[in-house]
Amino acid sequence: MRWRWLAAIGLASGVLVAAGCGDDDKKSASGKTATTEARTFAAGTTMAKLKDEGEIAIGVKFDVPPFGFKNPKTRAVEGFDVDVGKAVADELGVKPKYIEAVSDNRLPFLKDGTADLILSTMTINAERDEEIDFSEPYFIARGRILVKESDTSIKGIEDLAGKDVCTALGSTYEETLKKQAPKAKRRLVDTYSECLELIQNGAVDAISTDDVILTGHIIQDDSLKLVGDPLTTEPYGAGIKEGDTAFQAFVSEVVKKFKDDGRWAASYEKWVGRYTGEDQKPPTMTLQEAIDLSK
Amino acid sequence: MGYLFDPDNWEWLVTSNNAEFLLEGFLVNVQIATIALVCSLIAGLALALARLSRNKALRFVVGIWVDVWRNLPLLFVILYLAIGLPISWREAYENAAPEFLPDVLQSGRVFAALLALVLYNSAVLAEIMRAGIQSLDRGQNEAAVALGLSYWQRMRIVILPQGLRRMLPATVSQLITLNKDTTLVFIIGIQEVVRHGRILTGFNFFGGVPAPLLQVFIFIGLMFVVTNLALSRLSRRLEIREQKRTGMTVKPVSGLEDQVTTVQAR
Amino acid sequence: MSSWFELLTDNFDALASGFWVTLRLVGASFAVAVVVGTLVAALRIAPSVWLQRLGGVYVETFRNVPLFILLIIAYSGLRRAGVPIGPWTAGIASLGLYTAAYVAEVLRSGVFAVSRGQIEASLSLGFGYPQTLRRIVLPQAVRTVISPLGSLTIAMIKNSAIVGAALAINDLVKEARIIGSRTFETDAAFFWAAVGYLLLTVAATVAFRQLERRYAISR
């Protein structure tokens, strides 16, 4: 009698698990197939290993338009960071596999190998440089503050005292806010979409993070506005595991190509320029300058 | 109140494949719960037998182990394992995971989530099974010994079939709790129903029908209530059937949230 | 290992603050759970079928919905609908109401443990139903439920971590994560947070065991 029950449970579990199989196509990210340029790499390097495996795991954001977000209709992951990631994958001749790397997971994922590369609106700074390696900067963002259109009490960082400000756990803004607005009440969340939710339902008065992320919020909800002067300069760099100088050089090379051959400008226009109306040139800051900036 | 029932706010449910997106996420939760339950049953049985062994040291050590895992918050354990698990373990999992499992379940982070769930639930199930085995009439064990059966034979033929059958209702109740606990794995980035719900609500980037948070999460809540209600009905039926058979109800194990207690009116 | 102690002393304020937040959360939710749980239990054993059903719906809903989903609905959902609920209120209400469903069930079985004969005797002596409840049934029922209440308290301590994550409140887990992401010493930070949680659960276990010893009737 007991065996019948066990068999039934086993069968049910099997059916459930098998039912999930059909999702394979939908769940895996859309990646371009390798370009015709077949490069070979020195044996023992990360590039060679990735080429052997046929895919590269790239950590991006899934909920931060316009840099990294998952489109629920097409199930594809898109954005500026994703474009840079595709460039790296194409250069390697492998398929990119995008995984979600929220701010708090970015460094742990690199360290333990969950992700081979991180392109997740990650600012280069000295502390992080001690734990991982960065590529040359591929974008310069500025820290700003976002409030509701109707809010006239907050005009800049000075006005944040006593107000609820939201930012993500593991971002540079935890420290920035502590230094520049010590009396502000910091509310920390896992993902920026939660911050958007909190400001929309009135639970927080402001969000503080990179201007491009905030622009993504404004696109989703135009009752929000940016205020105040830029707080900080945030050079974005691709994250690479510590000590892998060969891969670091490779990614920096891809970034340079991306900037020089016009793909940077195209991606910028598609993801950022179209919404902000601003114009930007590819950043010329070097990695060392970026690190020094944060000291 | 108007906001709650306003049909505009429910329109997202029937547009594009939003509902399907949420159901897919929910399926991931159910799959994780099922796998975790099966592994926890096996591990729990081992722990229960260890707790019942004659070896005092073994009983003591396993007792501490069970107590620790029952007293730590599950969210905490999930977070820690996601960060602290060695790479080699994760790679071993990714290599060992059978091909027919969907992509979502093949990532190494799911291993951390599964491990956390199994560590916690095996401890709880161990206590459930121990209670079941101990509730058996002493005479059963003594008669088996008198018949000359070895320890393993006794276990396999006499004790376990009866003891474990008694614990079936409590085990199904534990599956309900497990189902609810799977919502916590969102925190390590696994694409399950909570993440899908958040993506859906955050999504005005391409225009289309806005999916308000209250309605989306009420829908998610309903999915859970329906599934869990079905499970609790099942558990109650199993318990009544067991009572009719043997005339015995097992005393509920303390500390379990979802004990389906059939209340006996005297 | 010494660096682990260093981490504790360097960050003691933050960890202690997280500890107190968790403690306050659990304490307030406990109060709500007991009060609401008693009311729902009273509904469940009321003579009217409709009241019983009402109590039943409450219990089935709150027992089958995951706490995290409940929290999102209570905080973000209600705020969207225009209700200006704060994070603490939403958290305490959710955790309290959720646990109340379990408290109600525990109380109900406690009440049924009181022999029917006593209820009949009391009613025939002329005591009204509410009086019977108050003076005869509940005092005895309460004593049988001390141990299960202890387990529910431990469950609440564990569930408080979910509240912190959903509502951006800085409880013990969150403080550990903040310290971890700043100093990259996650092992140490999580170790001390685990110590904090075990302190709370052990204290609760000991407290309830003492109460049991003094008051419980075992049946």
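Letters A, B and C mark the chains as written, and numbering starts fresh at 1 in each.
Everything below uses one rule, namely that a contact is a pair of C-beta atoms (placed from the backbone, for glycine too) under 8 Å apart; a residue touches a chain by one contact, two chains touch by 3 or more.
Since the structure is predicted, the reported quantities are computational estimates derived from the model, not experimental observations.
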item	value
Overall pattern in which the protein chains touch one another (line/ring/star/complete/other)	complete
Of B-C and A-C, pair with higher C-beta contact tally	B-C
Central subunit by CA centre of mass proxy	B
Inter-chain centre distance, subunit A versus subunit B - centres from mean C-alpha coordinates, in Å	33
Whole-Å gap separating subunit A and subunit C, where each centre is the average of the chain's CA atoms	38
Inter-centroid spacing, subunit C versus subunit B (mean Cα positions, whole Å)	21
Where subunit A touches two or more other chains, by residue	108, 190, 194, 197, 201
Subunit C: positions in contact with at least two other chains	76, 80, 165, 177, 186
Two or more partner chains touched - positions in subunit B	83, 187, 213
Contact set on subunit B toward subunit A in their complex	16-18, 21, 24, 27-28, 30-31, 34-35, 38, 82-83, 85-87, 90-91, 100-105, 107-109, 161, 164-165, 168, 187-189, 191, 195-196, 198-206, 208, 213
Residue numbers on subunit A that touch subunit C, as the complex places them	104, 107-108, 131, 166, 169-170, 174-175, 187-190, 194, 197-198, 200-203
Interface residues, subunit A side, partner subunit B - complex	1-2, 5, 12-13, 16-21, 23-24, 26-28, 62-63, 65, 69-73, 99-102, 105, 108, 112-114, 190-191, 193-194, 196-197, 201, 216, 219-221
Of all residues in subunit C, those that touch subunit B in their complex	60-61, 63-70, 72-73, 76-78, 80-82, 102, 105, 108-109, 112-113, 115-116, 147-148, 150-152, 154-155, 157-162, 165, 173, 177, 180, 186-187, 190, 193-194, 197-198, 201-202
Of subunit B, residues touching subunit C in the complex	3-4, 68, 70-76, 79-80, 83-84, 176, 179-181, 183-184, 186-187, 194, 212-214, 217-218, 220-221, 224-225, 228-229, 232, 254-259, 261, 263-266
